[in-house]
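Take a look at the following structure, please.
Note that the chains are named A, B, C and D in the order they appear, and that numbering of residues resets to 1 at the start of each chain.
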Amino acid sequence: MFDPKAIRKDFPILARTVHGKPLVYLDNAATSQKPRQVIQTLVECYEMYNSNVHRGVHTLSMEATERYETARQKAADFIKSPAPEGVIFVRNTTEAINLVASAWATDNVGRGDEIVVSEMEHHSNLVPWQKVAAQKGAHLKLLPATDDGVIDVTALDTVITPRTKLVSVVHVSNVTGAVNPVKEIGRRAHQVGALFMLDGAQSVPHMPVDVQDLDCDFLAFSGHKMMAPPGIGVLYARLSVLEKMEPFLRGGEMVREVWYDHATWNDLPNKFEAGTPNFTDAVALGAAIDYLNALGMDAVRQHEVELGAYALKAFAQLEEVDVLGPKDARQRAGLVTFTAGDIHPHDLGTFLDHEGIAIRTGHHCVMPYHRKLGLVATGRASFYVYNTNDEVDLLVQSLKNALAYFAHAS
Amino acid sequence: MFDPKAIRKDFPILARTVHGKPLVYLDNAATSQKPRQVIQTLVECYEMYNSNVHRGVHTLSMEATERYETARQKAADFIKSPAPEGVIFVRNTTEAINLVASAWATDNVGRGDEIVVSEMEHHSNLVPWQKVAAQKGAHLKLLPATDDGVIDVTALDTVITPRTKLVSVVHVSNVTGAVNPVKEIGRRAHQVGALFMLDGAQSVPHMPVDVQDLDCDFLAFSGHKMMAPPGIGVLYARLSVLEKMEPFLRGGEMVREVWYDHATWNDLPNKFEAGTPNFTDAVALGAAIDYLNALGMDAVRQHEVELGAYALKAFAQLEEVDVLGPKDARQRAGLVTFTAGDIHPHDLGTFLDHEGIAIRTGHHCVMPYHRKLGLVATGRASFYVYNTNDEVDLLVQSLKNALAYFAHAS
Amino acid sequence: MLPNDLDELYKEVILDHYRNPRNAQRLDDAHVKAHGFNPFCGDEVDLQLRLNGDGAIREVGFQGRGCSISQASASLLTEELKGKTLAQTEALRQAFRRMMMGERLTDEERESLGGLEVLAGVRQFPVRIKCALLVFSALEDGIKEHRGRKR
Amino acid sequence: MLPNDLDELYKEVILDHYRNPRNAQRLDDAHVKAHGFNPFCGDEVDLQLRLNGDGAIREVGFQGRGCSISQASASLLTEELKGKTLAQTEALRQAFRRMMMGERLTDEERESLGGLEVLAGVRQFPVRIKCALLVFSALEDGIKEHRGRKR
């Protein structure tokens, strides 16, 4: 049985108070909290077998290497990568996308070619492509969003053309919460011979993601949004694509042989992991994956759909509150982005913080789409496995209080 | 009083055994062990105020941001950076150098220009420049090493010329252990109008390093070699240089304003920190710096010079053992790279591991210099604050045993 | 039910300035133009100053959008600027910044703040200090630019 | 004084092959050429095979430098290759790999290993397994290349 109350006991931070109130942590789309199993794994690394991986014949190094590669296997299995070498450890989603924008795009995008993203991209899946477009004389094109905040599949055939070399879209929007129709988008991308990349920052932590089923060539995600530490993330890539790519960063471990004037590259995945890797956080990501697998990703998804539905219904009772994104909770992730009357989101954030409730306020690194909607900033409550209906109730009650407070005060 | 025996109690891993023998960890140049103060800092982060930095108005986010920026200030103070904005958090030394090779070199190196490194560079300070040279039609030139394994200052005037745009050298060699004459090298670099960069991976953890006194424009170092976790490192750069540089990675946090077709950049240091930063490991780096400061970097250096001198003397008793690098312990760091008769370093590594002793064997990511010396691989014992003369004695005794074992066996 | 310090932040007068910003006009031929933008929240303020012959501020214009603190702070500031020289404005900015940092002000400094003193409560909310300072950094840049142009 | 399993790794015969590699000749007109290199330690092995008309290995050449395990493994292998077909060589490689992975071998497989069985002790030293396998991966690549050329 999926029991958030029991799960909460695994997360030490949830026992703390903020301004004298129990912490209600609803900023999970920004970063998640960590269970003691993950924290303990880190402590164990440092107390038992901390060492430089891949580089020593001594026992510590061997133990560390084994755990690092086991973590890679776990990450590969988690997203159904056919081989562990398809998993490149990076810092975060942003670095993963930059890796592709640098190492892949350099040799594969030319003048007049097109790169297609959507209107609702996070800056991390937009700004790197602006650079590629500018450097290569390529065109950066946008898949529009429907009024419901979902990528509009009716535009696929016109926007994605034979000149398109890459289609890179957000799997689950961190603003509208929409689970985008990525299989259709990928199909169209492959139809025209383009590669297909997914920004999985908001999907991989929250639902089963299968790179073979989605048929994507690249998938980027961040450990810190899925119970692992910051500082570790994954670029998954199809092996056949990876094999043909030039390296990204250069230096120790990614080389095979080095002379003063040139070098040859190591095998996958090392070729893309220059310098001492963040092995402890990778191992901790493995522990986070174990934790999620024990819950079951279907159950995680189910819980968040239910929580989302509960929140949508409650928000609908608040006249002054407008919610972005799809109406149907099954079409969206467990996050609710909203405006509350004319209360500025920052003022709302401060007010809620005083009630112990942490939500995110701002443009959520999605400025252009906010601008398009005529918004500067919004509030966002985002859920994870440890959130409960009670917490949603608290949020809604506090929203009411805020609306009254700022109305009264004016 | 500097007391390694007392210091050892702070490092939980030093209590473990390997093959039934107490661990003798002499692979500190690869990565260092972590004191409980650093481990505890990480645990505290995760249990008390884990959150996304810079992005939220809620209390957790505020607390996390404050600690992240305090860590930056500590890192700045540690190397005497005049401003915290001169400290860019990266993954490791390798990423720091790649950042410069990408963001700085792009706009500042042209056809026929020269980049100067030394013969004894780690791959991380060589391979990135090979790419710059190839892309720009620039020349990669080498400062030779003396027979003692120190960068040869008599070559400065001929190798560094008015066409030189950057001189980037290793401060302390991870192979010869030499503390290179970097002030003289920097002076020559600036004389011809070139910038001056230091690979501080082996110096910053082990001795006082003052960027103002050294007058360097860039300094790269890794947290994991100075008691902090892997996954965090620093690029220090002179503000005036940093201000004129284009960004490196693109995405969240490094932008000021974003439109669909272009973006503007955030202030320093954010401009160079794309995506969710590794805030917990940065905070842990702050704790590591506190720990080192409490010992005193002069005392740390003194301890390692003494240990190095003790080891050099002991090694000199072993006829079959040849040591690389300067003869005078004060001209070198606390690391000893050596060959032991015709025992292959890997066989030696395995033998020592069976005695509980961890040394590094291989080319230490410095292949070309090994090739130049006619070596394929060497053994390296490298010390830190917790190592003792007793451990050096154990190493020497085990080396004797190994020489006897392999001689007898053959 | 509500924590008291929230009322310290959201004083009546602050919310009033937020809802009814003063000097909400755009001066087209201004001598000093200041633009402030906070990339983290998207808040914006624009100030225009017209100076008279002896360098004192004659007229002020203000537009902006954002949270109550950033907008009220700007609106309150516009009420203090008229008649001040740019040097006096600079002193006011310093005094305000010092108040936000929780430093002890001299009587003279406190005096100079005028109506802006009502924002003292913000310093209990460290993440919001940036909001209060937004218009001041904008002004600093604007004045710098103006002086650069004169030279 | 020395742990016994170290003697398991460094058997007399292994160290003998290390010091006195067999078939230490370079065959210039070889049919199969194999080059193995381990970037982590710099170890290298080179094998050359000359085949006779019916595809069996007639002559073997070996050069290399590196640790005792990588070199002894290559030297021991050269002694097993003569007379084998490439297919048999492939079966030998598989059997050896399975021994290194700690899997149970059939009697036939054990038989095929011949002198190479002396390397069984390596599997207690996981980081050294790569050393023992170096020559085998080189051979695999070399045979693949040879077959590609024939097509």
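Keep this in mind: a residue touches a chain if its C-beta (ideal position, glycine included) is under 8 Å from a C-beta of that chain, and two chains touch if they have at least 3 such contacts.
Because the structure is a prediction, the values reported are computed rather than measured.
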Farthest CA centroid from subunit B: chain C
More C-beta pairs touching across which pair, B-C or A-C? A-C
Length of the line joining the C-alpha centres of subunit B and subunit C, rounded to whole Å: 46
In whole angstrom, the CA-centroid distance of subunit C from subunit D equals 78
Euclidean distance of C-alpha centroids - subunit A vs subunit B, Å: 31
CA centre of subunit A versus CA centre of subunit C: separation in Å? 38
In subunit C, the residues touching two or more other chains are 40, 127-128
Could you check subunit B for residues that touch two or more other chains and list them? 19, 55-57, 61, 255, 257, 346, 350, 361-362, 367
Counting only chain pairs that touch, give me the topology of the graph as line, ring, star, complete or other. other
Go through the chains and record each pair that touches. A-B, A-C, A-D, B-C, B-D
Taking the complex as given, what residues does subunit D use to touch subunit A? 37, 39-40, 126-128
The answer for subunit B against subunit A in the complex is residues 12-13, 16, 18-19, 23, 25, 27, 30-31, 33-34, 38-39, 42-43, 46-52, 55-61, 91-95, 97-98, 101, 119, 122-128, 130-131, 140, 142, 222, 224, 229-232, 249-255, 257-263, 274-281, 346, 349-350, 352-353, 357-362, 365, 367-368, 371
Hey, which residues of subunit B end up touching subunit C in the complex? 54-57, 61-62, 65-66, 255-257, 266
For the complex, give me every residue of subunit C touching subunit A. 1-3, 5-6, 9-10, 12, 15-16, 18-19, 40-44, 65-69, 125, 127-128, 131
Per the touch rule, the subunit A residues reaching subunit C in their complex are 19-20, 344-347, 350-351, 354, 361-363, 367, 370, 376-377, 401, 405-406, 409-410
